[in-house]
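Next, two complexes with subunit A in common: one pairs it with subunit B, the other with subunit C.
Up next, the complex of A and B:
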């Protein structure tokens, strides 16, 4: 294990791997990723795989516009297929009240160059046959949204980073950090110490704890969400379909994957719930009745790391030089992986990212400068 | 197609039920209503049930118990049906499906509304361990729900035709399938035991809530128990060799299911891989079913099973090649032959010692893995112990895991045999019942007796490896355990 690194990236999910890869791509040597279990074992490996630009704030829309551009070329850039498919997101609108909200959302999205539009029931049925036309009156669709494979993406970033000299220490837990004169000096891990003056806290559900080690308050909360996958079929659900808090799509393998919001207190252990299956099944079958007798293969739980305004925390902590944060992705971290990696790497190397992320700094919470995102799925 | 049905068996009578017609690829086929669809098609000469997704390689019967996905077909328009655990009496027609099933266009059945079942003790698995756990828990007054995936209870006992040995109170001198019948009879008579067959427990949730699915009623069952005993047994190991996916390669247990449960000959000429007890016993059973066992190969330099079983097959002229293994299977679309090869002291193949055998059946008896996923999922502390067959839970000598109220018994806690499974089951059953009824001197004494019997059986030379393994997983019953 290295005794000294230029940057220690804490967290081996898509964001951490993307940051490490981008740093190495910009020419930085001695980049190290420390992961307490295996790469992708946190929220990345448990997510619903969706990639969308249909958000309601300028910050999210701009970030995801850029992220999608990167996703479109990611397999080529990393030299390995990440399973990216631009099959769209189809948001089913239930009533007139929702329709006016979605019309507003689509306006904002169009204003920033995202080609979403309101379509009618017939058009929606052409995109996803077998939908129950009685449970929605219109839909919002963006053909440039899509999905990818979390596992293939993790592997691709890992290998590409490795080729550029990034080193990865898995099953290695960060136990503390040494700070002297307002600067980081070293990271203490379960397998030894690493001297460095730059740390990226991209530890997902562990981000708050990492912040506490250096007296930086990272106001995120870990909420357990549930997800399920069915037996495989030939492809018949191309986009991500959403209705209220229910979402579902089809994996590469052919299983229907999806989830729905369940009442949960923060910090629950990641155990599955049986009532989730009942609630999900009831709601899914309402939207797509042919799935009534389909077999469920597997269910699992993962964390949405939530901030008060559902936007991530990106940037360097003002009170601790060299302590960078990319956390609190509130259920949409996977899709942001490519752009977050690029921007944090630029911030570290040049002091300034190519897309402004000032509004998403940590300090916005204590200054009351929150930006509220309304469209959180699942 | 000539039938491979066994008409005259030296020991077994097959209760096949009424004759009926099943449409296979729109052609009528004569079957019996109590047969599984797979057994029925097999009896009519069908050997390929599906094809692999990318290379379209033929897939035949492999596990016969619903765990390997080789036999997925479209049955009465339901895609991905495991025909090995579906009886013909429930169906009209069956056909091949594309490797990826086409989306279901209509619903096929009306599921029954979910049912909540509260109980004192849930026993998962109706083999010897589970049957004993249920028997002893109910003996001391606890209400028991016993659940098993299969259409009948008895576990691996139902497939055993040989007479068991050991002590009289553990059914020595009686054939396995008869022991199963006896135990089932006792359990069915007890008013405080509810038996649910065709029911699969798919998850253990917080608060000892078990999610289960009744396969025939298509019903979700929510079983809320105070104590749970997991007795889910084991699954067969696979072996790596060229063409190991050809129809005609199956687990030894699968061959047993075909022969002894459904009375269907698995083949004409067999190669048995593995000379442990399973390999030896199933070889003998193959001969009873009219199959010629051409050879038994064993990678170790010594026969692993009891010599009494080995002697029986040797007397019938079956050669046992120790320090040998299978190198490859041969055949177009099904097994037509096999190449075996000798191994040196480091288990490396010795070139030039290849031998070709003309066989149409290759049985794998290469070990069992504890079927312990429910325990891992429930959060029990698990350890990988090769001497016990794989991933097993830590447990006290009273069979309780690191989760308070979750017990284990039988092969799932470590691969052994029926007698130890029964005793472990009894100990687990009594321990669970004690938590419900409070201290009971008779129960405590009976439990100590069982522990003594268990120790006595395990004192033998044959159990040296197992004793070694058990030492690594035994925990003190006085230390606290977690709740779930």
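Up next, the complex of A and C:
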């Protein structure tokens, strides 16, 4: 294990792996990633695979537009397939009231160059056959949205980073940090100390705790979300389909992956709930009756790390030089991985990222400058 | 060539190569190669792969451990489960 590094990245999920890779790509040859379990063991490996630009704020739309550009070339850039497929997001609209909201959203998205549109039931059935036409009156579709494989992406970033000299310490937990005269001096891990003056806190559900180690309050809360995968079958659910709080799509392997929001208190242990399976199955079979004979294979749970305004916290803490944060992705941090890695690496190396992220700084919560996002799903 | 995971078509050589290239714990090895995710849910291959990993690392099978189990153990059809609450409320 290295005893000195120019940057220590805490957390081996997509955010940390992408940041480390991008730092190395920009020329840093002594970046270290510290991960308490295995790479991808946090929310990244538990996630729903979806990648979309159909958001409702400028901040999210601009980030995701840039992120999708990176996803489109990611397999090529990293030299390994990440399973990215641009199969769209299809949002089923249930009634007139929802329709007017989606029309407004599509207007905002189009204004920022995202090619989403409202389509009718027949058009939706052409994109995804076997949908129950009784349960929606129209749909919003963006063909530039899509999905990718979390573990292929994790492995691709890991291997590309390793080729550029990044070192990864798995099963190594960060337990504290030493700060002297307002600067970080070292990171204390379960396997020894690493001297550094720059730390990136991408610890996902552990981000708040990492902040506490240096007296920086990171106001995020961890909410458990459940998800299932079925046995594989021939592919006909290509896009991510969303209806209300239900989302589902087919993975590359052919199984349905999907979930539905359940009421949960924060910080529940990651244990599966049987009532979730029932609620999910009920809603899924209603939307696509043909699936009723398909077997569920596995169920698991992971955390959405939520901020008050459902937007991530990105940037350097004002209170502590060299302490960078990328956390609180509020259920859509997988899709943001590529752009977050690029921007945080640019911020660290050049002091200024190529897409402005000032509005997403931690201090917005103290200043009451929150951003409001309506669409928190998939 | 020897196939270890029949459901997912993963060979002995692929497993050795992955272990030697640094996937040295059962969870990340599983995710690298995707074994144990087939219709048998790993009942056939996981015990064998745990043994291979233990042997390569010079550890015991207990030290290597089994991947975390994710319910349901027995596959259930969606239609049988579909008697839960209809979640229709608005976001």
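The definition used in the following text is that the second predicted complex is superposed on the first by the 377 of 378 C-alpha atoms of A that agree within 3 Å, B and C clash if a C-alpha of one lies under 4 Å from a C-alpha of the other, contacts with A are read in each partner's own complex, and residues count from 1 in each chain.
Here is the rule we go by: contacts are C-beta pairs under 8 Å (C-beta built on N, C-alpha and C of every residue); 3 or more make two chains touch, one makes a residue touch a chain.
If you're wondering where the values come from, they're calculated on a predicted model, not measured in any experiment.
Peer 1: A:254 contacts which: subunit B (first), subunit C (second), both, neither?
Peer 2: first
Peer 1: Between subunit B and subunit C, which makes contact with more of the residues in subunit A?
Peer 2: C
Peer 1: Once chain A of both complexes is superposed, is A:290 in touch with subunit B (first), subunit C (second), both, or neither?
Peer 2: It touches subunit B, and subunit C stays clear.
Peer 1: Return first, second, both or neither, reflecting whether A:151 touches subunit B, subunit C, both chains, or no partner chain.
Peer 2: second
Peer 1: Looking at the overlay, does A:322 come into contact with subunit B only (first), subunit C only (second), both, or neither?
Peer 2: After superposition on chain A, A:322 lies in contact with neither partner.
Peer 1: For A:13, is the partner it touches subunit B (first), subunit C (second), both, or none of the two (neither)?
Peer 2: neither
Peer 1: Just subunit B (first), just subunit C (second), both, or neither: which does A:236 touch?
Peer 2: First partner only, subunit B.
Peer 1: So, A:272: does it touch subunit B (first), subunit C (second), both, or neither?
Peer 2: both
Peer 1: With both complexes superposed on chain A, which partner does A:300 reach: first (subunit B), second (subunit C), both or neither?
Peer 2: Only subunit C; A:300 stays clear of subunit B.
Peer 1: Enumerate the residues of subunit A that count as touching subunit B in its complex and touching subunit C in the other.
Peer 2: Dual-contact residues (subunit A): 231, 272, 277-278, 291-295, 299.
Peer 1: Please give the residue numbers of subunit A that touch subunit B in the complex, ascending.
Peer 2: Touching subunit B: residues 130, 231-234, 236, 254, 271-274, 277-278, 289-295, 299 of subunit A.
Peer 1: Show me the residue ranges of subunit B that touch subunit A in the complex, using the header's touch definition.
Peer 2: 78-80, 98, 100-109, 111, 114, 203, 205-206, 209, 211, 218, 220, 222, 379
Peer 1: In their complex, what parts of subunit C are in touch with subunit A?
Peer 2: 22, 25, 27-28, 31-32, 34, 37, 39, 41, 70-72, 75-91
Peer 1: Provide the residue numbers of subunit A that touch subunit C in the complex, in ascending order.
Peer 2: Within the complex, subunit A touches subunit C at residues 37-41, 45, 94, 98, 151, 154-155, 162, 170-171, 230-231, 244-246, 253, 260-261, 272, 275, 277-286, 291-300, 374-377.
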